[in-house]
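In what follows, subunit A forms one complex with subunit B and a second complex with subunit C.
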Partner chain A sequence: MTALAEVSHPHTGSIDLPPLQKGGWGGFRASEHLLKTVDARLRVVACGIFALTVVGLTQIPSLLMALALAGCAAMAARLEFASTLRRMAALDGFILFVLFFLPFTVPGEGIFSLNGVTASYEGVLRAVEILLKANAVVLMIMALLGSMEPVELGHAMARLRLPVKFVHLFLFTVRYIEVLGREYRRLRTAMKARGFRLRCDPHTWRSIGYLFGMLLVRGIERAERIVTAMRCRGFQGHFHLMTEAEPVGRRDYAFVGLSVMAACALIILESLHW
Partner chain B sequence: MVSEPLFRLSDLHFAYDSGQPVLTGADFTLHAGDRVALTGPNGAGKTTLLHLMVGLLKAQAGQVEAFGRLRIHEKDFVEVRPRAGLLFQDPDDQLFCPTVAEDVAFGPLNLGKSRTEARMIVRHTLARLGLEGFENRVTYKLSGGQRRLVALATVLAMNPEVLLLDEPTNALDAETRARLITILDSLPQAMIVISHDKDFLNRIARRWVRLEQGRLAEG
Partner chain C sequence: MAHIPDGVLSAPVLLAGAAVSLAGCAYGLRQLAAERIPQVALMSAALFVAALVHFPVGPSSVHLILNGLAGILLGWAAFPALLVALLLQAVLFGFGGLIVLGVSVMNMALPAVLCRALFVVMSRSGNRRRTMIAAGLAGGVGVMLTALLVSLALALSGQEFAAVAKLVVFAHIPVAVIESIFTAAVIGLLLRVKPEVLGFTSTEVRDE
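Right, the complex of A and B next:
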């Protein structure tokens, strides 16, 4: 090992430096709850299986069961109750608008009417079904994937041999969204410092337009600098991810078994006629 | 015996598309062991000069000789870049991989090193800079000073013969700045350092070059 290190580094000078204070957040090795110790790849796969199964369900009891399962997973992942609820509410607010129209557009047996338009029983059922599906899947995603670091998720996707472009797009986004966010906040603060307030007038619209235009220009310039820096380090279009897959352990197998059992239970419950 | 210079720039002319010439006949020679402070007013073209040296920009006239050969086309410079490590002004431009280990390994892997070798180089380089245990840190969560040192590690990991440092002490706290001086002072490579930090240059540089009105002057 020393020999190799010397071959690749003839200029090795040893410098006496104390190790740098690490401070803050050190890697993603935290393992304070059960789900976090499960292999990330398996969590991604389990999440996929769950989502595909739930999307196929149509019976209310099996959907309620799916939501309950997702709730159990969320508890196992120790998701914070309030913030989870807030995120789910954000999703529901998004789809409620669409769901509101369903009872009135799906034909079937009328149950009530609003302003002369009749809502159908089938439509209401359909809306409830979609609401349950969406919430069950999102809650499960938050429990299984939301509890890992984005970078860990990216690595898991790479190891699962998902399309390379997709993985890199994801990892670059993770890496630079914060840089762009910082740039946005800096510009926004600078605007505030010069007395800018959001109003509903052409001046506001124009200024916000400039702000986003400037962000776009800076984003492109930064992208160019990054590619330049990559070329300086010998980049010629080929990428190497240094991922080390940890071997799958007994706990991981137990997790897979549980996931498959849960999916089977959902399918059996669905096939019973209520 | 006078050794062959690492870089020889002769009569370089350069202007960006938008007009105003930046270099108007710049001459410069870098020998092994040289430690050059490159100074000059803002916008004088100091960064441009470094980018011309590694072929990231193309001069309109003049010659760039690097490591004993005339370099003209992109493919000539592909070989130059790993040997002349450029440290960018903003570490955020340089660090693009999710983790520190991957970022430091990026250069060596591009140079055809195996993963095992790359891992070894990573450990070794980080240890040299006092960054032990940083392998799995996420680059965007590092502090400004840590980012700068990791960016330097990514350059050193390719084991360059020349270091081109673009304002390395920019926005560093006193402690990290002192650490950087210790590190740079211990390195055997020839260097060109752009900086406005006089004290820093006094401690690193042995030769002073000033870029003004498109030309370089010693002293």
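Right, the complex of A and C next:
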């Protein structure tokens, strides 16, 4: 599996495609964690409600608490510290670009100036607010959703009554990312063996284009074979979910209780005017 | 750069994006025959993998958006396909957020559908050269329209984002150039090897 988990490097073009295996995608530890036994549907719903709540918050103390809650969830899910931080740093790379301008574009009381442009206190506050919001939501997504296998997520969406076709599309895509990722690495290795390197020229862009064209051709032929096989087995637009929905247990109740308490705490903290 | 994190956009923009994406996905799914799902999923997966390739540009690197190509190959099914791809990127890599998914899908899928229309009109004759030019154009236009929509979403969310909104458009120009050549190459190859995918029979494709 080590070959599959190669680390992304901008100039060799290898991609950071996590292997599909037991215990979750994205380099999360495979061991049992506290959240693992909580019903996947509850985790999906809780994540959605958390994100909705956090996006609505405006006070720094309540946002700090939201980030702390997400941190607790991440610990409960036993996310790997290093890879989680790396992901959040990648996210922050983009936000920082947006945030850099905020202190200078939000009008308000000036606190310092750079090249004659004054940064406002309100602008800095707004930037911090966005930074906290974005990180809290992403950390919670990784803790609640990233810690389950994508297939589990697909089944949870099916049980939440999302359209069957959408769920099928999701499950097939999860499967094909693995297939195409492997095929992509094979073709890239072949190109590398012939001395191809990613450069900044039309030859590179065209060559990678041909690579993906080839990937599509092979993939589409594969999809055709699969459809034939499905038809031959009498497919009628419906799959059976292979995993049974487990009965709601004590952990699920505890999870719901904690989530409700967390949401209430956030809203109360928000309504206190600081 | 099409990923906007949660917490940036204002509520009206988020709601509008969610409404458009919901309608687009519903329409795309209704049109999608159950037997075409594996093929659409395959293209969605290919787009996901292709978006992970970093092309070096100067000291930095960019990744492709590929919504033009998605539109050409998928039509309205681009809406649900891009939703799946963006959802997986959020869950697996922490790119973007959850509440902005509606806006992100709209920003990518609306141009995709437009690119499809552009491509179909321009490539009707089956002339190889014209079809490849149409593909290149669709690739570039897809990126630039997405950049415009991203910047519109930012600008509508508050005056304070106006500067960033302008920069976003300029930052996408190199991506548009790369993507236009990339898309022309992909479609050129498909035209030679498997023209049925593009709706041509092999006798329809002509060099002159």
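In this text, the second predicted complex is superposed on the first by the 232 of 274 C-alpha atoms of A that agree within 3 Å, B and C clash if a C-alpha of one lies under 4 Å from a C-alpha of the other, contacts with A are read in each partner's own complex, and residues count from 1 in each chain.
Here is the rule we use: a contact is a pair of C-beta atoms (placed from the backbone, for glycine too) under 8 Å apart; a residue touches a chain by one contact, two chains touch by 3 or more.
Predicted model only: the values in this text are computed from it and were never measured.
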Would you sort A:231 into first (subunit B), second (subunit C), both or neither based on which partner it touches?
both
Going by the touch definition up top, name the partner, subunit B or subunit C, that contacts more of subunit A.
C
Could you tell me if A:151 is touching subunit B, subunit C, both of them or neither one (first, second, both, neither)?
first
For A:91, select first, second, both or neither according to whether it touches subunit B, subunit C, the two together, or no partner.
second
Given the touch rule stated above, what does A:196 touch, subunit B (first), subunit C (second), both, or neither?
neither
With both complexes superposed on chain A, which partner does A:172 reach: first (subunit B), second (subunit C), both or neither?
both
With the two structures laid over each other on chain A, which partner does A:222 touch: subunit B (first), subunit C (second), both, or neither?
both
Pick one for A:142: touches subunit B only (first), subunit C only (second), both, or neither.
second
Touch test for A:121: subunit B only (first), subunit C only (second), both, or neither?
neither
Footprint overlap on subunit A, where subunit B in one structure and subunit C in the other make contact:
8, 10-11, 13, 15, 17-18, 25-26, 171-172, 174-176, 179, 222, 226, 230-231, 235-236
Report the residues of subunit A in contact with subunit B in the complex, numbered from low to high.
1, 4-5, 8-15, 17-20, 22-29, 149, 151, 154-155, 171-172, 174-176, 178-179, 222, 225-226, 228-236, 238, 240-242
In the complex formed with subunit C, which residues of subunit A make contact?
8, 10-11, 13, 15-18, 25-26, 47-48, 51-52, 54-56, 87-88, 90-91, 94-95, 97-98, 101-102, 104-106, 123, 126, 129-130, 132-134, 137-138, 141-142, 145-146, 150, 153, 163, 165-166, 168-177, 179-181, 184, 198-200, 202, 204-210, 212-217, 219-224, 226-227, 230-231, 235-237
Residues of subunit C touching subunit A in the complex:
1, 3, 5-8, 11, 14, 25, 29, 32, 34-35, 37-46, 48-50, 52-58, 60-61, 73, 80-81, 83-85, 87-88, 90-95, 97-99, 154, 159-164, 178, 181-190, 193-194, 197
Using the touch definition up top, name the residues of subunit B that touch subunit A in the complex.
51, 54, 56, 78, 81-82, 85-86, 88, 90, 92-94, 96-99, 101-102, 105-111, 113, 115, 117-121, 124-125, 128-141, 143, 146, 149, 154-155, 158-159, 179, 182-183, 186-189
